[in-house]
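Next, two complexes with subunit A in common: one pairs it with subunit B, the other with subunit C.
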Partner chain A sequence: MTGPWAPGLVLAPALLLVASAAVLLRPGSARRAGALSLLAVLLSALPLTAAWVGRRCDVILWAPGTAEPGGTALALRLDGLSIPFVANLFAVSLLAFWYALGYLERVRRPEWCYSLLLVFVASMLGGLLADDLLLFLVSWEAMLLASALLLVGWGEGPRASAVTLRYFIYSQGGSLLLIAAMAWLAHTSGSTQPEAAFRAIRHQPLPVLQSLGAMLFVGFAVKMAIVPVHGWLPDAHAIAPMPVTILLAGAMLAMGAYGMLRFALLGLGPAALMPLQAPLMALGLVSQVYGAWQSLGQRDLKRFIAYSSVSQMGYVLFGIAALSSAGASASVHHILGHGLVKSLLFMAAGVVIASTSRRRMSGMAAIGRLLPVPALSLSIGLAATAGFPPLLGFHTEWRLLLAGLEAGHPLLAAGAFAAPVATLAYALVLVARMMECPAHEPPAPVAAPRPMRVSTGLALALVLLAGFLGGPLGRWIADLLPEMEAVL
Partner chain B sequence: MNLLVWAVVLLPLGLAFASGLWGAHQRVRPLMFGLLGAFTLALVALWASGEEPVARLGDLLAGEPVNLRWTGPAAPLVVAIYAALLVYIGRTLRPMEESPPASLAIVLALSSMAIAALLVDDLLARVIALDLVSVTVVALLTVHSPASARAPALWHYVPLRVADLCFLYVALQLWRGTDTPTISVALAGAADHPRGQLLAVTAAALGAAWIKLGLPPFSGWLMAASRMRSPARLTAAAFGPPLLGAYLLSRLAPAFAAAGPAVGIALALASGFLLLWGIRNVRRGADRAGTLLALHGALGLWSGLTPASGLYILSFVPVRVVILLLYPGTDAAPAAATNQAARLVDRLGHLALTAEAELEAGIGRLTRAPEALGTHLQRAHRGRLRENLLWALLALFAILLTLLVGAGGAP
Partner chain C sequence: MNPMPAIVPIAILGAGSTVVYLVARVAPRRTSLLAALTASIMAAALGALLSSGPPNRVPSIVSPGEALFLEPGGCLIASTALVLGTIVALYSARYLALDRHPDRYFPLLLLMLAGTVGATLASDLFTLYLFVVLTNGASYVLVAFRRETETAIEAGFKYAITGTMGSMFLLAGIALVFRDTGSLSLPMPAAAPGTGHQLGLGLITFGLLVKAAVFPAHTWLPDAHGRAPSSISALLSGIIVPLHIYLLVKLAMALHAPQPALGWLLTALGAGSLIAGNVLALRQSYGKRLLGYSTIAQVGYMCLAFGLGMALGQPEPIAAGFLLLVGHALLKGLAFLAKGSLHLYYGATTLNDLTDLGRRAPLASGLLSAALLGLAGMPPLPGFAGKFALLWAIAGLDSRAAYAVAALFLLGSLVSLGYYLPLIGRLLHRAPQTAPGHRHSRWIHLPMVGLAALTLLLGVWPWPVWRMALEAARFLGGW
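== the complex of A and B ==
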């Protein structure tokens, strides 16, 4: 156990799980369950914030075989790589739970929904803090289960069950690959502690390491919804209640990127992954363009934003595939930006839907005039996505493009400069639609619940702030990753 | 002196805020004249001092200091912008009703961004300034479009953004080659880049300048700006993206020369194309102002390779202001090209839906393949009991053999 605040690593997920149980045991109104959940999220962030001061904290939960060299121990760790992802998780969760106060007021069994939401957040936190392969896999499976239950229980529309089944099959397919890869890793190295395990297998033949790398990349690519394993994302995002959508898009997609960085890139090292570089960069590029292209054709507002996530995850994969510390830190920066921007987009879309009962793209005409603040929020979110300076997307975009240029594949790097044009095209589709003047005056909107509006305002402020502080934020992330610098 | 550099960039922005905030013409007027007077004094003082002061912006982007430099090549262009702004304000303030405050604020913000783009000495900061100029011009086009054409007018941003991305490519390549984002140092080292990289940088820079100058087939936004009836056209088409495109050409001229004869050949071909396009447009009686502006922009392509580039860039804004004053705007056919863009995006979107449906169907067929294969085999073997038993025994034998071999080889 290192660092004075190391117990905070156990306390944070434990607090979320206790709150999850408390919400169920003391059922009350939806508002009360929501307030308790929001408080739990806020409180659980405190010990982690304190632990962050120590920069790197480790805590061992259970160590049955540590006496033997390379033995097993269930351990948690907060280090430079996990800090930005934990910060992203808490920022997105805070926004989602605040938003839920307004959104989940009228759902059935709200206490169950809040309880599962807390388990969902706790499992993601567990995955980010896990310093043990087994603990990581358990958290990973808990995350999938909680999200699937949220989708099947509170999914909107008649296709909820079918969409959840599809989500489950995709996710479990990816998980099976991860389980196989990590079992192989633990078996070969004799340890379930990632650092020791990867250190032990470095001497294995290159094809073995590459196969392991490919399994890890594909397994995590499913979670990131990289083309062609993206099929679960648009439907899941479209049917999920908005707070769940925000967590899926803003936090859960980031888990895939975290896994790639932690286990594939840091674990195996760039030398072993070099033959995979060009295919992965190409895959990232295809995702960028394909996601943007699909967004152009969507008729539903939530699916439109969902496909933009596919495109944005392509940027992240492109940065990771650069196999450099610059690319990795740019990807982490992009993930942080994506979490905030996607939250803003879905939250503003939710306000529009709640105010007008319209979610088809054709129904967005005149929204700019009827609902100026949500329309402005959507426009700013899309501008940030399209990399419009000085918003957040610009800072990450040039870093990713620079990393691509330095990766030594000039054609792929040059192609990456075309992707932002595709992003701009779909951004303009919605902005232009909101500025259109319809032939018939649409009915006047009703006011969305106050927590939804206020939390959307907070998300907008955070997006603007993160954009204006984009340079220092990028340097903060780069400073957090000295291990990455050393390995890459 | 450093404060004066700040003043030159920020005073137009202050003017923009003032006009945007107050709106009422009578109250804006004295304040605007006051700020304009301060702007004039700052310019005169900078010009008279003969110094090259530097205002530090801080290390906001790549960890290196970003500065605003009042230097030789950019200073006369800032004065030209000021002069064009005076012409614009002179024409706007007399019949105040013609120019709503929103448009006034946008024009003043555009001036501030354009000046910042000329003075900033950091490659990335210049990309930001260029992009802000692009957005401001599109905002101007949108504000001056009829209500029904405002949404389509947004599509003018696409080519301008492509140009900004081309310049971002140039900036990042120059930065990589010289390990610094400071423009003067990066440009000085440009000729030392590998030949392939230099050609790619030159092509991207020419692409960026081509679009910024509004040369065909990317002239839609310039044509739309030149057709505006508002005096705001003086600013959008004279010192907006076109001036920055021409400046880009003049600054990158050493890199073009180092890239070899390929650039000259490309420019000769381009000149032929532009000449034909100009003649065709003049014969058709098409938009005279737009055509003349585009042909004037095309001159910049040649002047970039000749000693005349200095004269060209100095005369850039006055020549354009004269062209625009000679041919007044008509507000005609504002959104034809942009409607085409919107239709193209619609078609692409429809195609995307079809492609995704096909992909889904393909995956569906793939997942149903084992079941279909099983059904097919079942049908094929129905009623053939002995043959099936034989196959089953063979399979069992293979499994047993594998297990035995595995057990024998185990430690």
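== the complex of A and C ==
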């Protein structure tokens, strides 16, 4: 155990899990369960903040089977790579749980819904903190199970179970590749501690490392919804209740990027992955453009925003595929920004839907006049996505493009300049829709529940703040990754 | 302390069966009493088995050599069988409350397990044959236990025909081996050069493969396991069918079969089983038939593991096969027991009947869903440990064919979600209006919860079983 605040690593997920059991004690009251969950999220952020002051710390709770072949340990660790992701997870969870106070007011079986939401957050936190391959896999599957139960139990619309089945099968396909890759890693290296395992396999022949890298990249790409394996995302995001959508889009997509960075890029090292660079960059590019293009044609507001995530994850993959520390820190920065922006977009969309009971794109006319604040939030969120200067996307996309240019594939990097244009196109579609004057005056909107509006305001403030502080934020992330510098 | 002779557990089970039968003649309607008695006899046998501990030899009284030999793999399988049997016996107390003949059920249950334990312990071909036939004979009757229904008779008949055919091949094979080697003891000192030995091995393999429902001889299993009482299906699917795979591996090692050839054959047939089981399960509309097809697929996984280990002469895949076997026994047992309780209280046979039972019977539905997810390999249940162990073991084999097998295994477990998840979805699906749930007996719930707790323990803490499995694999490899 190193670091004075290392026990905080155990405390945070434990607190979330205890809270998830505690909300079940008093069934029926949504308000109470929501308040308790929000409190648990806030409280569990504290020990992690304290641990972060110690910068890099790790703790081995229990090492039962390390003497066995393929033995495992219950080991956690917080380091430069996981800190931004943990921060993102907590920012998004805070917004989602606050928003849920309003959104899930009249949901059925609220205690189970909140309990699963807390398990979902705890499992993502577990995945980020896990310092053991098996513990990571267990958290990874728990994340899938919790989110699938939320989708099937509280999904909106008649297709909830079909969508969940598809989501589950896609995700499990990715997980199986990861399980195979990590089983191979554990056997070849004789260790399940990632750092030790990867150090032990460095001398393996390059083709072996490359096929391992390809398995890891594909496995994590499913969670990131990169284009050929993105099929689960639009439906899942569209049917999920809004707090779940926020967590799926803002926090869970980031888990895929985290896995790629931690296991593929940092673990195997850029030299081994070089042959994969061009295909990965190309996939990122395809995702960027395809997601944007699909967004253009969507008729449903939530699907519209969901496809924008496909496009945004394309940017992230593009940055990771640069296989450089500049690309890695730019994509981490982009992930952070994406978490906030996507939360803001979904939250504002939820306010619009709750106020007008309309979610079709064609019903968005005159929203700008009727609901000025949510419309402004949507516009600012879209502008940030498209990379307008003082906003979030500007810094990160700039740094991503630079990293792409330095990566030595000028043609692909040039193609990446098209993506912001496509993003701008779909952003303008919604903005223009909201400014339209319809022939018939639509019915007056009702007020959305107060916690939804207040938390959306907070998200807007965070997006603006993170945009204005883009430079310092980027430097903070780059400073947090000294280990990456050492490896790359 | 001297270890207890390995014959004691079999003797306890056999004598217990007589005692239970006599008690049942006196008090035929006291199902709970009979169940408690049966469960305690099985628990006593389990205790005796564990205190005898491998390796443990019992000399034969009829021929030179030894009749029983408790080796680590046999100990692992026999203890799994007895654990599952104890739970099934307890569960039967309420489950059989409406049936007419508990006086036949419980003694047969004990005989079936006596056969199972005996077959794992046998160190002589003929002893092995007798115990296999004992297990099978008892299970034919138990499949057709609800003889008032035509379907049960049909299923029992089908099962008896295929099973007896398997036994005939086994016996013929044993005869041929005996003709060439003049010996029945296990392990044989050396392989005989004659073709009779090879042919005998082929017949033994064929007979055991039929009994283990390995593709393409898998067709009888869904009928038998779909129609038997759920408590019996739990034991049949959980332990009796995989038992034959273990016997096959043990005999192949002990009789000096050409291991690579037999290993690749087992791998290929396992791949066939995996594909057939998973694909056919997708189209099932009856819950228990679906579980039966899932057993075919899972036996396919075990065949892959054992087959690869034999083909490449490595102990680790074989150990993974043992872990898969034990995990499957507990998970499939739990799935059948939970499904049986839904049938008992709500008459649920088809998948549609399961609609909304998640609300009416939350505990049984929850356990069924958990068992299915465990079979699909989700942590922290033992399916995940088995899957990881198999992939981990395959990573150590430097063979392209093994990697192809791993890919097929992964694809199979992905396809299996296509039938496990819709079943769970049915349980969670909300009907517009439903009656409230029935009150469940504690004696239905407690055994299931106990089994679930054991299963969870094995999933979270697989190391003791994994250690035993590795030991068993190394031991078999040394023969």
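By our rule, the second predicted complex is superposed on the first by the 479 of 488 C-alpha atoms of A that agree within 3 Å, B and C clash if a C-alpha of one lies under 4 Å from a C-alpha of the other, contacts with A are read in each partner's own complex, and residues count from 1 in each chain.
Basically, a contact is a pair of C-beta atoms (placed from the backbone, for glycine too) under 8 Å apart; a residue touches a chain by one contact, two chains touch by 3 or more.
If you're wondering where the values come from, they're calculated on a predicted model, not measured in any experiment.
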Clash or fit: subunit B and subunit C on subunit A? clash
Classify the contacts of A:Val218 with the two partner chains as first (subunit B alone), second (subunit C alone), both, or neither. neither
Look at A:Met274 in the shared chain and tell me whether it touches subunit B only, subunit C only, both, or neither; answer first, second, both or neither. neither
Once chain A of both complexes is superposed, is A:Ala186 in touch with subunit B (first), subunit C (second), both, or neither? second
Tell me which partner A:Ala414 touches in the superposition: subunit B (first), subunit C (second), both or neither. first
Answer with first, second, both or neither: which of subunit B and subunit C does A:Gly471 touch in the superposed model? first
Which superposed partner A:Leu24 touches (first subunit B, second subunit C, both, neither): neither
Applying the document's definition of touch, where does A:Cys437 land relative to subunit B and subunit C: first, second, both, or neither? first
Which of the stretches 130-138, 256-264 or 400-408 of subunit B runs into subunit C once the two complexes are superposed on chain A? 400-408
Residues of subunit A that lie at the interface with subunit B and also at the interface with subunit C: none
Spell out the part of subunit A that touches subunit B in their complex, as residue ranges. 228, 231, 293-294, 296-298, 386, 388-390, 394-395, 398, 401-402, 405-406, 410, 414, 417-418, 420-421, 424-425, 428-429, 431-433, 435-437, 471-472, 475
In their shared complex, subunit A is touched by residues of subunit C numbered 316, 373, 376, 378-380, 384, 387-389, 391-396, 406, 410, 413-414, 417-418, 421-422, 425, 428-429, 461, 463, 466-467, 470
Touching subunit A in the complex, subunit B uses residues 59-63, 124, 127-128, 131-132, 135, 142, 147-148, 150-152, 154-155, 157-158, 161-162, 165-166, 168-169, 172-173, 175-176, 196, 200, 342, 345, 348-353, 355-356, 359-360, 363
Subunit A residues within the subunit C interface of the complex: 64-65, 68-71, 134, 137-138, 141-142, 145, 152-153, 161, 164-165, 168-169, 172-173, 176-177, 179-180, 183-184, 186-188
